[in-house]
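Think of it as A, B, C, D and E in the order they're written, each chain with its own count starting at 1.
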Amino acid sequence: MGSQVILKRPTFWIILLATLAFALVPALTGNLELRENLLLGAVYIILASNLNLMIGYTAYVNFGNIAFFGLGGYIGLYVVNVLGWSLWPACLIAGVVVSLLAFILGTGILRLRGAYFALATIGVNEAVKAFVTNFEPFGGASGMYLSFSSFNALGGARHALWLAYFAIVVLMGLSLWLSLAIKNSRFGLGLFAIREDEDAAMVLGVRTPRYKSLVYAISAFIPAVAGTLFFFKNGVILPDQAFDLTLSIEAIVMLMLGGQGTVIGVALGAFAYEQLRGFLLVSSTFSQFQLVVAGVLLLLIVLFLPEGFMGWVYRHLPRLRRVIE
Amino acid sequence: MIFDLTASVINGVLVGAIYGLAAIGLTLIFGVMNVINLMHGATIALGMFSLYLLTTAVGLNPYLAIVPVLLGGFVFGVLVYWIAVHRVIGSSDLMTLLATFAVNMIIIGVGTAVWTTSPYNVDVSVPQLAISMHGYTIPGTQIVAAVLAVILATLLYGLLYHTRLGKAIRAVANNRAAAELMGINTRWVLAISFGIGIAVAAGAGVLIATLFPFTILSGANYELKSFVVVVLGGLGDPAGAMLGGIVLGLIEGVTAPFVNVSWTPVIEFTLFVIILVLFPAGLLAFKWGRK
Amino acid sequence: MSALLEVEHLGKRFGGVRAVHDVSFAIEEGQIFGLIGPNGAGKTTLFNLINGVIKPDTGRVALQGEAITGMAPYSVVHRGLARTHQIVKPLNDMTVLDNVIVGACFGPQKLKLKEAATAARDSLKTVELIDRAHVLAGTLNLAGKKRLEIARALAGQPRLLLLDETLAGLNPTEAERMIAVVRRIREESGVAILMIEHLMQVIMSLSDRIMVLNFGEKLAEGTPEEIAHDERVIEAYLGDPDLASRLMEQK
Amino acid sequence: MSEALLELEDVVSGYDELQVLWGVSVAVMPKRLTTLVGANGAGKTTLLRAALGSIRVWSGRVRFEGEDVTRLSAYQKAARGLVLVPEGRQLFNDMTVEENLELGAYTARARPDYAANLERVFTYFPRLKERRKQKAGTFSGGEQQMLAVARGLMASPKVLIIDELSLGLSPLLTQQLFGTLADLKNDGLTLVLVEQNLHLALALSDYAYVLAEGRLHSEGPSREVANDPDVRKAYMGM
Amino acid sequence: MYKMFAGVLLALGVILPGMALAQKTITIGFTTSETGKLNADAAPQLRGFELWRDQVNADGGIKAGGTQYKVALKHYDDQSSAGRVQQLYTRLILQDNADFLFSPYSSGLTSTAAVVSEQFGKIMITTGAAEGKTYKLGNRYLFQMYTPADEYLTSALQAIKSKDPNAKIALVYSNDGFSKGAADGAAKAAKSMGLNVVLTESYAPNTTDFGPVINKIVSSGANVLIGGGHYADGSTLARQLYDKKSNLEFISLLVAPDIPKFASLGKAARGVTVPSQWEPTVAYKPDFGPTPEQFREMFQKKYNTLPGYHAAGGYAAGLVLQHAIEQAGSIKTPAVAKALNAMDATTAYGHIKFADGKQDHGLQVGHDMVLAQWQKGDDGKLHSKVVWPKSAANAKLVFPLTTYHQ
């Protein structure tokens, strides 16, 4: 932490380079398969790094993070599909509405601590999912199908999908930048104080309830926008796909893998996890046991490398702590 | 209408007893070692498939199958504890959540490879016990399952309150450091409690499998219901869990005549969050039998 | 002109236990006010009631004339009252400097990050911890952690500082350094201090006034001399000498 | 010193990286009441924890009945008859008085004497008998302390160590409890008392150790220690 | 010497082109739910694909424009979840060079995959994706094998009307996209047929305790039940209807009873009807490919179980694609698409014709569904018999069920 200018931080440049690489490599090579791979990587990085604001920065384990993604997708697609607006305002509306909802919800459930909070977030995800399944304006159980003509407004399917991809990559860059900026801000300092000892933080003057609600709302914004883009690209949104609790838990696994509380570590963790799952899935050797392999790996990390990859790096090369955040 | 409601209430109580038993496994582990067991659902599913194997391969009576499943569940639970959980006891909530989730992934992964995710059915019926009135029927299997659930819960209660081991478990739950000073090997008590929690969950799986077809993924549904139940009954309290289970069963039964049943999960989980926020100690506020 | 801190008829029960009962006192600007009493007398509870960690059942607390009774701890801090803990609460995985910056940022002055860093360094200098600024707080020894607590509380430039057993667990050398630190704080910043301390000689030499708490109630208040010679205080601290001799006779 | 029941030799210990004890030696003689006094933070509780095995002994030895038990954990020591009544009572609050007492007699060596011990405990503390079905958490401070001592006695201890008996108790209750301790000592129990109530502790005990800053300040027969002005200083800072 | 060399050359000249001809392969890519909750429904579909592939290859491959193409299937596990469907279809097209695509199982996953197939302009024959919405979004390359969801329950309603025009119908369905589509269609059809629906109720797809639902059915006074969802919930519902002696006279459930495993419910399965895309006993006269009977035998020989409609749909998807390629004489997409658009033919699976409008391209408009019922045969085992429409029936509909259960 401290007060160094953000532009002077190596991490900032790493983020910028990574974002550019994500955007440019598939664009210049025209490799659509690479694009699809990177897209999922970017989505997972978005999910994990925003979740990191809650878990890694504030030590509040949120299992319901995926609800933001799903709800964002629904609201965005509603705006595009039913109201017939263009994609960009839809993204913004989804982000703002979901953030507001999160802020209000947070005021209630953030009074809970530890395992109780974690349980409550599971409940939130399930309640939202069950509600949306019955909510007719969102298509209820049938979900919403995007007309292919919606792509035409953005210059045809091919063009629209590229745009959606670039937008998601930009969101990924924004997520990481936001993580870095918060880490180096007064706000972030307050969050870290809450993470270490909420009571002590309160006694030091950190307005903990407001800080927690704020970070909860912030951690909802980008995932909600990403949800709109992802399901726009997907062409269809269904309750089961939008509120998949497993994905929430996987996002936690990703940030553990990389090292909770770090910026780059979490991104690496998410990317590595996504690639690994993808590899296991298409590999002829592992595809049947991909879940088992992933489970064993997770267990080994929890038992023997609880501080994650970055934690391990810091332990062996403490100097890097200030270079790669 | 009145028969409708009566039938729904009875159905709710009977199913609720089984929810309660399933939740006891979860709440016991939470109460003793403050671990939210995310392999709970997978354990229930394992119980279901154990029943399937014991009845089809061994030809055991489905209700007698509970005994070997309880024993096997216990051994399995103790093993899992030493391998996956012990190292992370006492570290952050996140660690124990993830450790048990990892085991969950492994079980589901192996289960999927062995049994696929398609449903299995164990053909059990006890027609002589079925009760019919005005067109509403309570199947015999449901009555037997509920009774067995209550018996198992009572046995567990007896174990906790009237045996040396049970008292040691409660002592560890209450004050682990003091328990150690009394000469209790708390590490083993934790392992045994985990074993019991797993065994009870697997036993609940057996009972559920006598009622409904199931897949390796079915447990997840009961895991979520168990969360609701333990929150209703108060986290960490076995007696509360049984009551919470019945309350949940009743909620499901009693709301049905009035709203479309597809809204039931909305009601359940909204209630769950609200109760958790307003009454973190549980609506029924029992704690190890404290009134 | 009201006092800096006014406490009136403060009371709190925990179940059947009367932790604090009907305690009143006042602290003037710049004063060092000592709070003593046997273990379990309710001293730390009194601190918690004053700074809002626990809500009192009865009574009133006012800081600079403004009622702060039952306010959240952070609101109390923002009004100029900072504290340390008997059981230290460092933010372990953050550096010493960051710990103190938290205090400076969120303390009464609500400094910006950059100014906070400066204030934090000053504060660390005051408690002689500046050379450890970049180590993780969790790796400090107890004496270091205690000084860190003071630095954190001080960095926000409060009007009143509550010190809870700052010397407990320190060896004589460390304790002496700490006493010097407390003296320096008073000289440099003129902040008023309310301190709980066990070492009588320390509290006697540092305090302007002393209050004695026993079983949650105020037993005595006065200058150090008055307290030192108060029979009731000796009894509360050492146990009733008569009781001891009576027991001896029984045997 | 060889006939000592419990012996601590040069015990060094602490928490994580924080050293609290700097080589402390204590010997507890059978059928005697040994007292351990010292200011807050002098390391008394840490010494007990190290002796009982709740925290690791960094160096030095703990001997019980002549055997090296340094590396045994707390429950194993309890099983041998080394029993602690911890500071702050540490009762099983959600369990009844009777259950607390039963758990006191958890070890294999205490179980056969359960009935006898229960009777003995109820004679010492008739109040507990009246309330045997009540939850420990609902008790007042004094009753809780009685129960804590009673629970310790249920273990048929060879050495009973009591940490801060009088903490938070009224003088009257303190007096009662100390009376009970005197009786126990007369019955031949080996006791170790950690107390802040200096007068009472020294009046009752046979031998005293004074701890200051994690080291032994002085030791000797209680009467001598009681009259040592140095001790008053070390203890009170006066 | 020279002659010999020339002879060898000549021989090579004859053999090599032949070898080249035999070596050509077309790859068909798709994902299937090897894991996850859709596995039970997706597995038979995969078997259908594979049976078709094996037969085509055994017969020497698909002949198009004088070339013989062997068929290779390339598939990945989609885990019953849409998350990776687009990634995997992109991989199938780009990495595995799939020439044609089949759909995953279920309407939701198919819609997601369709975005990719449209983007790359690849033909995707969909099977197990009945929801009509997918085909009304302006696609150009989708071709649906299944009769759309909203028509699923029509045959059941017709049967009810013929047996008991005053029937009180309970419409109880799983709250998922496909089942809801079917139920909405049924509600409309019932209205236009003048039938009386006394209860419309949906339940969460993962429901296991149907007690409250069944109580509701009983109190509604319904004597007929139509609805259901997929295998897991449908089989559970059927079993509890039996356990709870619901006394219904007619039960028709979607999907579940068509999967042969349904028979493992024993008595609870007896008399339950299912709207089926296809049944082993239908007697279609195919314009190409095997007869239904031949298909049934081949399937049974290979997999040791009777095919249900999921399997038949999978098999027919291959057959239809094969026929279109052969008609087109090319494996080029525009030519094959043209052939598919023009197709109006009968196979073992029944009649096939795709809508060709801009707004509903590829929607299946030629295929008719049948109603099958689980009946006890002379061997004491349960058999699925076609009972509706009468023209296709090989058994009489048992109605009411009330006495049948005793």
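The working rule: a residue touches a chain if its C-beta (ideal position, glycine included) is under 8 Å from a C-beta of that chain, and two chains touch if they have at least 3 such contacts.
Please read these numbers as outputs of a predicted model, since none were measured by experiment.
Undergrad: In this assembly, which chains make contact with chain B and also with chain E?
TA: A
Undergrad: Roughly how many whole angstrom separate the Cα centroids of chain B and chain D?
TA: The separation of the two C-alpha centroids amounts to 42 Å.
Undergrad: Measuring from the mean C-alpha position of chain D to the mean C-alpha position of chain E, what distance in angstrom results?
TA: 78
Undergrad: Counting only Cα atoms for the centres, state how far chain A is from chain E in Å.
TA: For chain A versus chain E, the centre distance works out to 37 Å.
Undergrad: Multi-chain contacts only, two chains or more: what residues does chain B have there?
TA: Answer for chain B, listing residues that touch two or more other chains: 112, 260, 262, 265.
Undergrad: Among the residues of chain A, pick out those that touch two or more other chains and give their numbers.
TA: 130, 133-134, 141, 288, 290-291
Undergrad: Give the pairs of chains that touch; include all such pairs.
TA: Listed in label order, the chain pairs in contact are A-B, A-C, A-E, B-D, B-E, C-D.
Undergrad: Hey, which residues of chain B end up touching chain A in the complex?
TA: Against chain A, the touching part of chain B is residues 30, 34, 36, 38, 84, 87-88, 91-95, 97-99, 101-106, 108-110, 112-113, 224, 227-228, 231, 235, 260, 262-263, 265-266, 268-270, 272-273, 276-277, 280.
Undergrad: Under the stated contact criterion, what part of chain D meets chain B in this complex?
TA: Against chain B, chain D makes touches at 52, 54, 73-76, 78-79, 83-84, 86, 90-95, 99, 102-104, 106-107, 110, 135, 137, 151, 155.
Undergrad: In their shared complex, at which residues does chain E touch chain B?
TA: Residues of chain E touching chain B: 33, 35-40, 43, 80, 175, 201-204, 206-209, 211-213, 215-216, 218-219, 231-232, 235-236, 239-240, 243-247, 261, 264-266.
Undergrad: In the complex formed with chain E, which residues of chain B make contact?
TA: Checking each residue of chain B against chain E gives 1, 3-4, 7-8, 11-12, 14-15, 112, 116-119, 121, 123, 125, 130, 132, 135-139, 141-142, 208, 211-215, 217-218, 221, 252-253, 255-257, 260-262, 264-265.
Undergrad: Applying the document's contact rule, which stretches of chain A touch chain C when the two form their complex?
TA: 1-3, 185-186, 189-190, 192-193, 195-197, 199-209, 261
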